[in-house]
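Shared between the two complexes below is chain A, which has chain B as its partner in the first and chain C in the second.
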Partner chain A sequence: MHHVLMDQWSQGSSPLHARDPRAKILALLVFLIVLATTAPNAFSALVIDAAVLLAGILIAGLPPISLLMRAAVVLPFSLAFGLISWLAGDRLRALGLVEKSYLSTVAVLLVVGTTPLPLLLSGLEALGTPRLLALVAQFIYRYLFVVSEQAQHLRLAAACRQGRERQRRLGFRAAAGALAVLFARSYYRAEGIHRAMMARAFSGKFALFRRLQFRLSDGFFTLAVTAFLILVRIQ
Partner chain B sequence: MTPLIEVRDLYYQYEDGTQALDGVNFTLNVGETVAVFGANGSGKTTFVLHLNGILRGQGHVRVCGIEVNKDTLVRVRSKVGVVFQDSDEQLFMPTVLEDVAFGPLNLGLPSDQAIATAKTALAQVGMEHALGKAPYHLSAGEKRRVALAGVLAMQPEILVLDEPTTFLDPPAQRNLVHLLESLSQAKLIVTHHTRFAAALATRAVFFEKGKLVADGPVDEIVQRFNWIYPALDAADLRYSAQRRF
Partner chain C sequence: MHIPDNFLSTPVWATLDAVSIPAVGLMVKRAGRELEDTSIPLLGVMGAFVFAAQMINFPVGIGTSGHLVGGALLAFTLGAAPATVVMTAIIAIQAFVFQDGGVLALGANVFNMAVAGVLAGYLPFWMWAARRKKAAIFLGAFLSVMVSASLALGELLISGVAMPRPLVLVSMALFAMSALIEGAITISVVQAIERLNPGLVQKPEASNWRSLAVLSGVALVLGLVGFLWASSAPDGIQRLGTQLGLAAQTSFHAPFADYTAFTFDSAWLRRATAGLAGLLLVYAVCVAFGKMIGRRRSA
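Up next, the complex of A and B:
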């Protein structure tokens, strides 16, 4: 399961995992700004940005192919918009859309894959994100996975009762029915999880297992990444 | 002596109009283990959800002398530990240790103390080897133990177990009986499994259409309501099958 994998990745012990979440969030923010302002045809800068991400993946000990494949989930959307721009004659914009959306997704996955979610949200909160927003993000994350888990169970149940020949004909109808069931089941599942959280004195704020500590090394990391990315950008 | 749980004239109606609890009176005393029997939908789970304020109906619920209301929820939830039927709903943190420490952290313990408490609770249920594991990698029996540890880490005075034998194979059920026997807390066990209940409970109560209709020794309640588990033996099953086809 995807969420299981991301959770597993975030439990690593690499130098990147050890960084304070605020340092990683700030570095990500700088990366996204630099990427957004880089010209789509500035290929050398984009290659260096991609190399920075690849270095991050390797340092973090995350499986590069698996992460890059997961980031490709954004491609159908960016390719669709890219195609529209291409057909409208703006080829540079089309190229930029695809390049930047993909690299942005890889960067976000790198941060999420090296930071346990409670720490990531605490980092966001410490950097000024409203608590309500952080809490909503927490529940969206958790319940998206509840939905995906339920979807996998439904798919398995449907596959067990579906003959190969009839599969194509009935596939769409079954999928539509399953979607309604999926949301109903996910709702009850989410309600159960929420109830279990309340039963253990959850008051709306995740108590931190580890306290956030912004060390000198975190400051150095943020500064080094920022300086390097800006340098690449202005070259 | 003040009862651990005292419920008086408890009524609860769901939004769709279903009267789930209809004037329930109940008492749990120190050291008792009580089995809660009743058909599906008879109000058992709704009842136990009132004991730590997850649901709040009309009437009085007192836990260790504390009236359950909005202002006492944290105190009450530290006294009543609920182990839910589906352990997967209860294990939502990335690692076993973090999950077990979730309750103590919410009660305001500093993280080092919460970790120590969590480790003790895990040792109590024989799961200390699984500290760093992801909960979803555990077997059903192990998940149940970790869920129980998550509740024990809050050092409750009362344990409420909702269908604790669900998803467990016979050896895991036996292990659970031994484990629960070793715990000193008063217990309320919602179950259909009469043999499991008889192994642990000193008395039983029976729910019917939202009412608590009987309270007495486990054997007596089982006989009175013909509440035997498994409900059918092999001959009954064969007979049912012949009639259907």
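Up next, the complex of A and C:
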């Protein structure tokens, strides 16, 4: 599954992986804002932006083809809207929708592919995201796959009980029942998790394997990326 | 309904980011007050549940199927403020991990689905759950999807994304369909949950929700006005966007295309300054409003 792939990518040890998550988040924001305000037909600037991303992918040692393929998830949506704009005569916007949304997605993937999600979320928290929100996001990511697997089991079990003819699809009420069971099980699971956390003296914060440390090199990285992108933008 | 980056024009996403940050901050504070520390895992696991619920398909009519969106169900079981927090976390994870929705557009998506959608969905539940529970649940789930979809469509139109009228009408009809489906799914899931354990569906607490009810009313009106307006005159919204300078018109970008010197165009600088000042104002108003609501509640 693709998210497992992302987890593998983010475990690498390139200079980009080693940067503090805050440095990468800030650089990402600068990149996205610069891109959002670039004209769709400023091709030289867009090519340089794309080159920055490609250089990032190569430095990080991520597989370029599969990353670029993965970023294509945004294309059906942006191609559809691009086509509508094109037919409506707004060709510049059509171009911008497709190329800029694709580049933005590649940029996000590059950052997420070089930063494990727990670190990324701690970075967001250090940048001012409320602690409750960051904690909830951490929990969602941790239990996403557990609960999803349970959902698949429930679906399979319900399909088995239904018999051969209607095996492929659940009835409406059966699906509602399956969801209700999943809901109740998630609820009780949460209670169990809470008791286990208390037993292990949860301090109100997840422990990280690596402490966040904003080094001089991180500051230099953010400054360099920011300065370069802004220079490209105003040429 | 997750808007990717670069679909909305800069003024639109920036404004919605400036609105969403204090709005979510307020909801986090409320949720923290309503819940004890015990419920952090609960919120997280329920968020994971909403993700997983998308795997279970509900047959609706000929060959098609729908799935639970979940904002309203979370509001009915966890309460409005915690549901907003969970939905915000879900939308952020979808943007970062699954590339579903943009990062700059996060404020817009959070506003549509986690703030306006959840509040508009909670309003009927809060008002009528005691007397007409079924109708309240159905209406709440319907509104949560309808309001967020209409807002998203309105934001796209005001950003200047050209959509011919028939297309707008067709997408409106599709939104209404999926909102009806969400209503049907939510009501049958809530009933099934109540058969398992009646305690899991909350009784809305009338006393501590009055101030947020005003906000939800605003969200609802905003969504409905957007819906009616967009369906009757999509060009009107576009024109308004252009007049207010919200739409990313090509003329707005044109000066940059062949910019060669370092000199700042004074018009550009003025516009950027005005834009930033406007954003700060929006942010300040939202923060002040949040503070006011907080004070009234503690008084």
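Criterion: the second predicted complex is superposed on the first by the 162 of 235 C-alpha atoms of A that agree within 3 Å, B and C clash if a C-alpha of one lies under 4 Å from a C-alpha of the other, contacts with A are read in each partner's own complex, and residues count from 1 in each chain.
As a working rule, a contact is a pair of C-beta atoms (placed from the backbone, for glycine too) under 8 Å apart; a residue touches a chain by one contact, two chains touch by 3 or more.
Just so it is clear, the model here is predicted, and its values are computed rather than measured.
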Exercise. Regarding the shared-chain residue A:Asp90, is it in contact with chain B (first), chain C (second), both, or neither?
Worked result: second
Exercise. Which partner does A:Ala71 reach: the first (chain B), the second (chain C), both, or neither?
Worked result: second
For this session: For A:Arg211, select first, second, both or neither according to whether it touches chain B, chain C, the two together, or no partner.
Result: first
Exercise. Looking at the overlay, what does A:Met197 touch: chain B (first), chain C (second), both, or neither?
Worked result: both
For this session: Classify the contacts of A:Ser10 with the two partner chains as first (chain B alone), second (chain C alone), both, or neither.
Result: first
Exercise. Which partner, chain B or chain C, touches the larger number of chain A residues?
Worked result: C
Exercise. With the two structures laid over each other on chain A, which partner does A:Val147 touch: chain B (first), chain C (second), both, or neither?
Worked result: second
For this session: Using the superposition on chain A described above, determine whether A:Leu35 touches chain B (first), chain C (second), both, or neither.
Result: second
For this session: Considering only the touch criterion stated at the top, classify A:Leu133 as touching first (chain B), second (chain C), both, or neither.
Result: second
Exercise. Touching chain B and also chain C: which chain A residues?
Worked result: 117, 142, 189, 193, 197
Exercise. Okay, in this complex, where on chain A does chain C touch?
Worked result: 3, 6, 28-29, 32-33, 35-42, 70-71, 73-74, 77-78, 81, 84-85, 88-90, 92-93, 96-97, 100-101, 104-105, 108-109, 112, 117, 120, 130, 132-133, 135-144, 146-148, 150-152, 154-155, 169-173, 175-184, 186-187, 189-191, 193-194, 197, 204, 234-235
Exercise. Where on chain A is chain B touching in the complex?
Worked result: 1, 4, 7-8, 10-11, 116-117, 142, 189, 192-193, 195-203, 207-211
Exercise. In their complex, what parts of chain B are in touch with chain A?
Worked result: 49, 52, 54, 73-74, 77-78, 81-82, 84, 86, 89-90, 92, 94-95, 98, 101-103, 105-107, 111, 114-115, 132, 134, 136, 150-151, 154
Problem set entry | Touching residues on chain C, where the partner in the complex is chain A | 4-7, 10, 13, 24-25, 28, 31-32, 37-49, 51-53, 55-60, 65, 68, 77, 85-86, 88-90, 92-93, 95-100, 102-104, 160-164, 167, 184-185, 188-189, 191-193, 195-197, 200, 248, 250, 253-254, 256-257, 259-260, 262
